[in-house]
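Structure below; questions to follow.
Note that the chains take the letters A, B, C and D in the order they are written out, and that residue 1 is the start of every chain.
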């Protein structure tokens, strides 16, 4: 299983009136971490869409342990936990600079074509997805 | 168990380049539906915060079945599935105007005080939360 | 000049760590108010896009006078200030329930086709845009 | 006048159904670029708030020239155009990797204390704001 790490700095717009990062933004960070996962493996999700493979979120689970604050330096550890031709599953662990685990999550995806019907990922792509970056 | 319904119209800013509502926005709709749930019961979450009760999201689960599109008329059915003094759990069913089930979800919450330590909701508040609107 | 009014309630996700509505969200409210302006005139922007007319934001100006807070009841007064075949300009006045003017704004738009090239709106559509709702 | 450059990669969640970055997100990028401007000068906006100086947006102007797309590499050039003790003004030029100018903008800010009343920035802070990074 391939794991990558993506760093980001909390934006002011990502906070809410409780003074912490609004819980919906972790899904945006998961998505951003998936994009970066692909880039670290030499792929680009924008290319996948141009080639007619649209990865759609079918399920999400998040556990919130500790809040993140504006300007915190955050790392997202992303693991491709399952890679089938029609289903991908990623898990995430989000930590702050002190290494404290803030949030854990899991997302499931199906792959559809331009007509929104399920399609299979090419085997070559699956192999690339499951080969750690050099 | 009390259930309320909240209606909304999909905003353009809620869509993404796949032409559908971005999956993170359903968490925002869940939250908005919770606010409306309270208002329909004669409560206001802004009052709860002013009284020192901050309801924090501790867990989220979402299943995405079918997409929503810009200007779709959406209804969110919100049920308070568990109401303990230190834990609340809501479930949600989101449908479009044709009645098609688009998304199902579940959120768990703990209650904290202004110092971020767990506190118990007053019994009177719990009773109000579990009494259907007149 | 046609003016319409659109009401909304501030969402928690629209606030930031300063405890007020984040300034970028007023652009989302302007956009939502434009959508509602069209609906009040018997039009729908989703139909316009289906007919190949994409209204694109080319310029925005906002003056922030007073903050809005979570659960505030907000009204957006929207005026179509200019309606040419290739250019639309809207102005906005946002108030809270006490009638206090919170934000004023202006947006300019050009109209493009599916190929992103400028196109002219049909005269019949312009007439509809400049005829007050019954 | 000090100018800094901030790089970012377009997130999927920042796009809308027109397939391009939603126009409200440029305000978020301006804000992020301001945060980074301060960090490049050895300051941190989170420290300023902890010291009781809240920088509030009072005016915004944006001209949109060309769209940005998912995964585009974007640079934001940020200039502190005016620095008075009670007023700051920034200008921005956003370009893509090909150097094409996408968006220009301007934001005005006032400084308020924890009680939301206008306050003056300390002279030492103003000096730091107007001294280019080493």
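Heads up, the rule we're going with is that a contact is a pair of C-beta atoms (placed from the backbone, for glycine too) under 8 Å apart; a residue touches a chain by one contact, two chains touch by 3 or more.
Just so you know, these numbers come straight off a predicted model, no measurement behind them.
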item	value
Furthest chain, CA centroid comparison against chain C	A
Pair with more cross-chain C-beta pairs in contact, given C-D and A-C	C-D
Computed distance of Cα centres, chain C from chain A, in Å	33
Distance between the centres, which are taken as Cα means, of chain D and chain A, whole angstrom	27
Rounded Å distance between chain C and chain D, as computed from the means of their C-alpha atoms	24
Multi-partner residues of chain A (at least 2 other chains)	12-13, 24, 28, 31, 69-70
Residues of chain A defined as touching chain C within the complex	12-13, 15-17, 19-20, 22, 24, 69-70
Chain D partner contacts - residues on chain C that touch it in the complex	18, 23-25, 27-28, 31, 49, 54, 56-64
Touch list for chain B against partner chain C, complex	9, 11-13, 28, 31-32, 35, 44-46, 69-71
